[in-house]
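The following pair of complexes shares a single chain, chain A, combined with chain B in the former and chain C in the latter.
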Partner chain A sequence: MIQSKICMLGGFGVGKTSLVSRFVHSIFSDKYLTTVGVKIEKKSVAVGEQQVDLIIWDIYGEDDFQKVRASYLRGSSGYLLVADGTRRETLATARALQDLAQSVIGRVPFVLVLNKTDLAHQWELPESDLVDLATGGWRIVRTSAKSGTNVEAAFDALASSMLTAR
Partner chain B sequence: MSDDLKALLLAIDIAAFRREPDGAFTPVAPLPPWFGRLMRDPTFPFLGHILEDAAEFWSRREEGFREFGPCADVNEAGREFHYRVVAVTASATSYLLFRLDPDAERLRDVLQTVREKALVESTLPIADAGVLRNVVRVRGEDIHGLLRRVLGTAPTPEQRELWSAISSALDSMMARVDALASNPSRPRS
Partner chain C sequence: MAETLEKPREPAPDRFDELRSLIVGPEQRELRTLSAHVLDPSVQVRDVSRVLPDAIALHSKDSQLTRVLAPTIEDALTASVRRDPRPLADALFPVMGPAIRKAIAHTLAAMMDSLNRTVEQSISLRALQWRWTAFRTGKPFGEIVLLNTLQYRVEQVFLIHRETGLLLQHLSADLGAGHHADQISAMLTAIRDFVSDSFHTGGSDSLDALRIGELSVLVEQGPHAVLACVVRGTPPPDVHARFESALESIHLRFGPALEEFRGDAAPFEAARPLLEACLLSQYRTSAASGSYRRWAVAGIVLLAIAAIWGFIRIRDGRRFETYVDRLRAQPGIVVVSAERAGGRFVVSGLRDPLAADPTSLVAGTGLSPDTIDARWQPYQAIDAAFITTRAGDLLRPPPGVSFSYHDGVLTATGPARPRWIADSERLAPALAGVRRFAFEGVAPEVRLRQSLESTVLLFPRGEARLIPNQEAVIQAAIDGLAELNDLMRARGARARVDLLGHTDADGTEIENAPLSRRRAETVRALLPIGRLDALDIDVKALASTEPLTPGDTEDSKRRNRRVSVRVALPANAAQAGRTR
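Now for the complex of A and B:
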């Protein structure tokens, strides 16, 4: 059994905690609840024939009030960068956090998660920005924590990349 | 450990463990009820680098403590609570303490209010900017009142910094809403 720490990174209100709740407990709540500090959850996933215990650090959302502490990232084997498709500025926050993560833990696998596909009619992210990121090697998964769409796929993609990188 | 001290730790909701030479943790007093869910694995692997940093602190064998957190978890009733982890060295013995952190819950209440307003601002149609202006002004005053109650008359430097950041953000939010209200046809950035 492999045990790996992963982090959830992103601006506030993008759905990090909702994604973890959906993935670990199969539940979703429409009510936004801000996170203070870090919530630590655990879930086992199968990657091929290999079992991986994911220790998921759901870190508070970054904004003007709370900047992500670099120490939270230490020891991470990978991370999910989460942006809210209906708020363009959250993509910039995700990019800044990717810079921070890379400076702290180096080039470890990560997946950019564009959450809230259930609100596709309010989508604000320019496709050209996403094409640029994909061209730069970023793996991008579109999810909805509300409906559950692609949530497991996002975590599975990260776990798979982490195993490949070992 | 004396019975008095054990009773005291339980009464103030602190879960206390002695770190054994093999790295295991032994409770030194009855564990408070809130701690139950964290005991799923008594080696606390979920603490990750916190335990690594604590081990480094203990290895120095200097009397004192080092605090980590806040961390959050959900109790059996589904209610979220916050706690801090404290590595202690005393009388050449290493301890690991877990204590509830009500300050984190008060901070969450403040941030919740501020961020809910920010989310409303980012999703409200521009035509409603005039209405939003009044909402932000009133809730801004609410937030300042809440901060005064939470931080009291002698805030720590860290709390003063947070207060200042929230005040600046409120001012900035108000300026943006003012701009929207005075020019509602301007496209949202």
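Now for the complex of A and C:
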């Protein structure tokens, strides 16, 4: 059994906490998010034969008032970049956060999660942008925290990328 | 190659060989020496033995050599122990002895400490207050004692990887307190980062203590790992040094593992003993005088308890003796043994089913029937009372017949038919204790009464002198009274004898009453009153109120002019006669 620290990064209101809540049972209150700016969760996943305990740092959304604390990223083996498919500007935030993460922790595996697929009629992200990212080597998973679609898959994808990178 | 080297040893047949030996002779000699080193095992062993210590010393800093040698050394040790464990045991003895002694001493000291505390706290006034607090708050008593006597206790120890915040090891003083340790480890790291970021402290400065009420989290930071200790109470300053030293030891031993940590905490299992040393605790000690006072109070309480216990024991012993005496006094109960066993009274023996219920005899002794174990074997007692009761059940006597028993003889007294007497003579010896059946008929005093009351003494018309020729009747009455007098005197009892004077119905009552009295007095005058001292003899004037015959003829009137006798036996006379 191995443990890995991962981070949830993304703009304000993209559904990071909802994704994590879909995934785990929480022991800490959500108020830590707005006070300390991070909330810790844990989830055990199996990648093939290997059992991995993911220690998930759900980091408060980047907005005008609160910037992501770079120190929270330190020691991460991977991260989920979360964007809201119905708000195009959140993809830009995700890109900026990816730059930040890479500068702090180097090139570690990450997965871009496009959340809120349940709101298909409000979808704003142009396919061309996504194709560009995929061509650049980004792994992209479309999820709906509301219905639970693909949420496990997003975490599994990250866990298997991290194991491969070890 | 060996062949090539051997050839120069042969004598050179021609000049070419000579020339060759001149040109390459030194190299050939050197080759020979080298080949000896390479091919001769004994030379190789010598060579390797010269360089081996240096080689090991050179590689001691490299863990690879350790890893390679470990299985071989382990196998060698296993083989050695299997072959003969003594050499290894002898070698380890100087190390094992002190280690075992230290471990035992440590355990004993902890046990004694805990015992002392329990004794101290279970009898003091303060303990009563704590018990009240425990009752009021619904918390276990132990927890209240702990909170009140604890100076400090390290409850949990987290060894955290500094870079990732991942948990390497976690220890807890209480079993079951390790839930979510990995998440707490990460959150603690986040909080420390938050504080460092928020207050822009220098690179090496970080949060080293958190305090929440009675709890504090003391944090020691090393280059690669962080030691966080959750402490209840107020720790002395030197615990920091203890934690620091533990963290240093961990860095010393696990430095490379910490540097290369990639999420697998298994190698740090070996750090548990170092972390266990951090689970420190200290309890408040009370002043010696208080301790003496407590012991004195405890002593007095114990003495009082012992005195009460002794008193109750002696009192119950006396009560039991009274009970056993009562049992022994009962007919049909034979007490074989009476003793005290395990706080209970045990009495055993024989009991006739007709005897009194032993449990009913407990009442009034002060003992509780629950404290008595009785074991009774049934038997048939030959007390007179039991034999006569059993005779009544078996022989079913006719009304008026009663039994008495003496020395093996069952005696029936009273009116009975010959058939019943014959049956009883046959059946009675079947009763335990009965050898013979005897029938005595009517009791003597009853017989005497019947005889006396049949006496009739006649008088002439209007006179109070006896008609002549009744001497035999008078003598029989005197004899009967004398016999009754003797019987009564023998029993210490008295009988009442009334001499009843009668007249016929002629004449008036005024005339007849004195006449009947005079007739009765005439008869009394004939009796030897002085000798009949157990009889109360009186006269009664009945006139013509109780005629013997209707009085319608002259002969009938003649028989009514008389004196008769009435005997009143004492109430218990008949009964006493039967059980004689």
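For this structure, a couple of remarks:
We adopt the following convention: the second predicted complex is superposed on the first by the 154 of 166 C-alpha atoms of A that agree within 3 Å, B and C clash if a C-alpha of one lies under 4 Å from a C-alpha of the other, contacts with A are read in each partner's own complex, and residues count from 1 in each chain.
Convention: contacts are C-beta pairs under 8 Å (C-beta built on N, C-alpha and C of every residue); 3 or more make two chains touch, one makes a residue touch a chain.
Bear in mind that the values here come from a model prediction, so they are computed numbers and not experimental data.
Once the two complexes are overlaid through chain A, chain B and chain C clash, as defined at the top of the document.
Of the two partner chains placed by superposition, chain B and chain C are both touched by A:I55. Judged by the touch definition given at the top, the superposed model places A:P126 against neither chain B nor chain C.
Looking at the shared chain after the overlay, A:R69 reaches chain C, while chain B stays out of its contact range. In the superposition on chain A, A:I2 makes contact with chain C only, not with chain B.
By the document's definition of touching, of the two partners only chain C reaches A:S77; chain B does not.
When both complexes are overlaid on chain A, the residue A:R166 reaches chain C alone and has no touch with chain B.
Of the two partner chains, both chain B and chain C are touched by A:V38. Clashing C-alpha atoms between chain C and chain B turn up only in stretch 203-211, chosen from 131-139, 203-211, 257-265 or 293-301, once the structures are aligned on chain A.
In the superposition on the C-alpha atoms of chain A, the part of chain A touched by chain B in one complex and by chain C in the other spans residues 3, 5, 32, 36-38, 40, 42, 55, 57, 71, 74-75.
By the touch rule above, chain B contacts chain A in their complex via residues 45-49, 52-53, 69-73, 80, 82, 104-105, 107-108, 111-112, 114-116, 118-119, 122-123, 162, 165-166, 168-169, 172.
Listing the residues of chain A that touch chain B in their complex gives 3, 5, 12-13, 32-40, 42, 55, 57, 61, 63-66, 71, 74-75, 86-87, 89, 122. Against chain C, the residues of chain A that register as touching in their complex are 1-5, 27-28, 32, 36-38, 40-42, 52-53, 55, 57, 69, 71-72, 74-77, 166. Of all the residues in chain C, the ones that touch chain A in their complex are 161, 163-167, 180, 182-183, 186-187, 190-191, 193-194, 196-197, 262-265.
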